[in-house]
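The structures considered in this document are given below.
The following pair of complexes shares a single chain, subunit A, combined with subunit B in the former and subunit C in the latter.
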Partner chain A sequence: MEPNEVEARLRPVLGDRLLSVDPFVGTAGKVRFRPEGALDLFRAVRDQLGFLHLSMVAGVDWVDRREVVYVAWSDTVRQYLMLSADLPADAAHIESAVPVWPAANWHEREAFELLAIQFDHHPDLRHLLTPEGYEFHPLLRSFKLHEPEELEVKTRNV
Partner chain B sequence: MSEMWINMGPQHPMTHGLWNLRVKIDGELIVDVDPEMGYLHRGIEKISEDRHYNEVITLMDRTCYVAGMAWEHLYVIASEQALGVEAPERAQYIRVMADEFQRIASHIMWYAAFVQDVGLMSPFLYGMRDRDLVLDLFQSFTGGRLTYEYNRVGGVRNDMPPGFTDRARKVLDWLMDRFVEYDHLCLGSDIFRRRCDQLGVLTAHDAIAYGVTGPMLRGAGVKRDLRKDRPYAAYDRVEFDIATASAADVTSRYLVRMEEMRQSVRIIRQTLDWLDHHPGPVIADRLPKWLGAPYAPVGREGYLLRRNYPKGVGFSSVEEPHGEAQAYVVNEGSEHPYRVKFRSPVFANLAACKKYMIGYRVADIPPIMGSVDICVGEVDR
Partner chain C sequence: MTGAPATIAKPVVAPVVAPVVSSPSTELPMVSGPAVPFLEIETLRAREFIPAAKESLMALMTEQAQGKVIRPTFNWAGRNSLFPLHWGLACCAIEFAAAFGARWDAERFGVVPRSSPRQCDLLIVNGTVTWKVAHKLITLYEQMPEPKWVIAMGNCATGGGPFRTAYSVVPGVDKLVPVDLYIAGCPPRPEALLDGILKLEELIRERGE
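And now, the complex of A and B:
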């Protein structure tokens, strides 16, 4: 599958919520979309393009904005497809992909705690790797290593 | 009956690492599960942002401490892509050989631990004995037994020592005979079959929806292997078959891993033959100076000389012993990666645990969790 084919099949569904489909080495392309088109895009990518498998959700902090990258895989064309959206840094939120790909669950929890990206309508948005009540987001650029941090961990009732 | 939550972990013989499996039980029946991770979270992705490209390789060994070579390989492919460097062909073959030896070592480690979970003690000792031979080989060409630091951005650190290929062939011959014994010990054991058959069933449909990869997915009959689907290094130049099984239960995962080890032996034999007849460089000769010498990282002051670092995003995926690992490396024109994201296969396999655990009994937890082959280091990173 080529980037222009991906764009031709997604454009009717998403309209101007689809920004562009750029070539990306070793994949079917990198789809850039507006966050409000997230769920429609996920459904179209899964049901119409056949990318049944969500591999990961990665977040990148660009300081002025936050990028969230979804990597999907299709068993029929045997290729990856990247989906990327830019979120504003002061209100980074996007619709959760869990209703479409249950695989997104833990990946989104991780991006939520480490990169402070809010996933709307996520079924279980708790901390995964850091303790409950940990109020830092370590993967943000503003979180510097080699500086002392003051940390008070609330214990969880089990 | 009243339901209750029990904690299996963080210290429990079943966990094989530091994590906590919270299980909601109704009598003996598992009603709900909730893994609690993060006990081993070292922030590898964050530390990587503060390190030079070749220094991250040290961390990759620690990401999964039983499959360090595969993770090194994953990271160097992504970095090479981001920086526009290409490894020579001999290095590609060496990487394939090292990856497959790593797969054997990892699967034997899994075998030893898993079979002990099921209740058989002797296979554990046999497994550890045979894994040691593979680790000896690793030691002879990398100097390390668990943490190798062998791959470099642009190739591998050094070539094979003299006589290595012959020693390796002897080990492979020995292992092929032992695999037959392993099967006799397990598949011939009534205890093993009763504890593993039709247990922890994860259908192909659920496995794909939950992003499960590796032996768990192939055990459900899905013929998916990145080494074939998206060949990297020299995998397109070696012959092997994808191991699958159809029952989607614990036994099928056992069968898949056993067959994978045999296929690994087949791959390694081909690469050894190739390496015997094709001497050459093992690291790209036109590496940018700031990337550091192949044997030792340059000093901190060396980094300051460089002005215009290349920019780019690298994405790679390899078939790690546990499944499909991915790396996403963003390079923003500095001597450190701007952002590194790793996708751990065990992370996804474990996230699907509600699908293959609910409905079974408390005594089934060790075999089911054993068949997932959990490596907490790569889940928490």
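And now, the complex of A and C:
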């Protein structure tokens, strides 16, 4: 599957919420979309393009904005497809992919706690790797490595 | 097998009740003569024995006796049968498992890993403790019955190790529970763990006596 074919099949569904489909090494392409069209894009990618398996959810902190990247896998064409959306840094939120791919559950929890990306309508948006009440977002670039004495973590009132 | 209990049991049955119940406070003759049946002598001796035994038992239960008899006995039993919790956290747990395998065989020191914290008196923290698992460690420690001891095995449990400045790692398990013994190494070899257990036994003996 080529990037122009992906664009031709997604454009009627999404319209201008689809920004571009660029070639990306080793994948069927990198789809850039506006976060408003997230759920429609996920449904179209799963049902029309046949990318049934969500491989991972990644997040990038570009300081001025935050990027969330979904990587889907298709067993029929044996290719990955990357779906990328830019979120504003001050209010980073996007619709959750759990209704489409249940595998997104824990990946989105991880992106939520480490990068402070809010996933709307997520069924269970708790911390995954850090304790409840942990107030830092360690993978943001604004997070500095602490001396351990400065990192006060409440463990008892969980 | 069949003959012996029958011959002993026979005289016990019939005449026991009569002398004891009928004369609870009368003075019975001390000397065993032909007039006194065998079982009466036995009851007489028992009557004199019980108060004396009670008195000596009370003396045994004093604090001095506790210090000289009971506490050292429990200390000896406890330090020679340390039951660690079977709980592995990271790569130190591999060495922990090897120490209880056939080659090093820590069971010859009476150290048997148990799967329930309620059967344990030794918590070997073998690996990196994250903040996520911290309150579970505290819960396990609080479930163990007293007296209990903690060994911090390896550099991670001792002071955070190479992950000391990481955002998710407890910098030393002594931030959470009181630690009695630290074992250095990354990870420590099973010999080091056995040495630590033997040193802990000495420590328990010193503290108990």
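Keep this in mind: the second predicted complex is superposed on the first by the 145 of 158 C-alpha atoms of A that agree within 3 Å, B and C clash if a C-alpha of one lies under 4 Å from a C-alpha of the other, contacts with A are read in each partner's own complex, and residues count from 1 in each chain.
Rule of thumb we're sticking to: a residue touches a chain if its C-beta (ideal position, glycine included) is under 8 Å from a C-beta of that chain, and two chains touch if they have at least 3 such contacts.
Bear in mind that the values here come from a model prediction, so they are computed numbers and not experimental data.
Ranking subunit B and subunit C by residues of subunit A touched puts B first. By the touch criterion defined above, A:90 lies against neither subunit B nor subunit C after alignment on the C-alpha atoms of chain A.
In the superposition on chain A, contact of A:145 is made with both subunit B and subunit C.
When the two complexes are overlaid on their common chain A, residue A:136 makes contact with subunit C while staying clear of subunit B.
In the superposition on chain A, A:16 makes contact with neither subunit B nor subunit C.
When the two complexes are laid over each other on chain A, subunit A has residues 129-131, 138, 143, 145, 158 in contact with both subunit B and subunit C.
Only residues 130-132, 134-135, 138, 160, 164-169, 171, 176 of subunit C touch subunit A when the two sit together in their complex.
The touching residues of subunit A, when paired with subunit B in their complex, are 24-27, 52-56, 58-61, 69, 71, 75, 78-80, 82, 101-103, 105-107, 114, 127-131, 138-139, 143, 145, 158.
Taken in their complex, subunit B has these residues touching subunit A: 5, 7, 22, 37-38, 41, 43, 45-47, 50, 81, 208-211, 222, 224, 229-230, 313-317, 324, 326, 328, 330, 338-339, 341, 343, 347-348, 351-352, 380-381.
Residues of subunit A touching subunit C in their complex: 129-131, 134, 136, 138, 143, 145-149, 151, 153, 155-156, 158.
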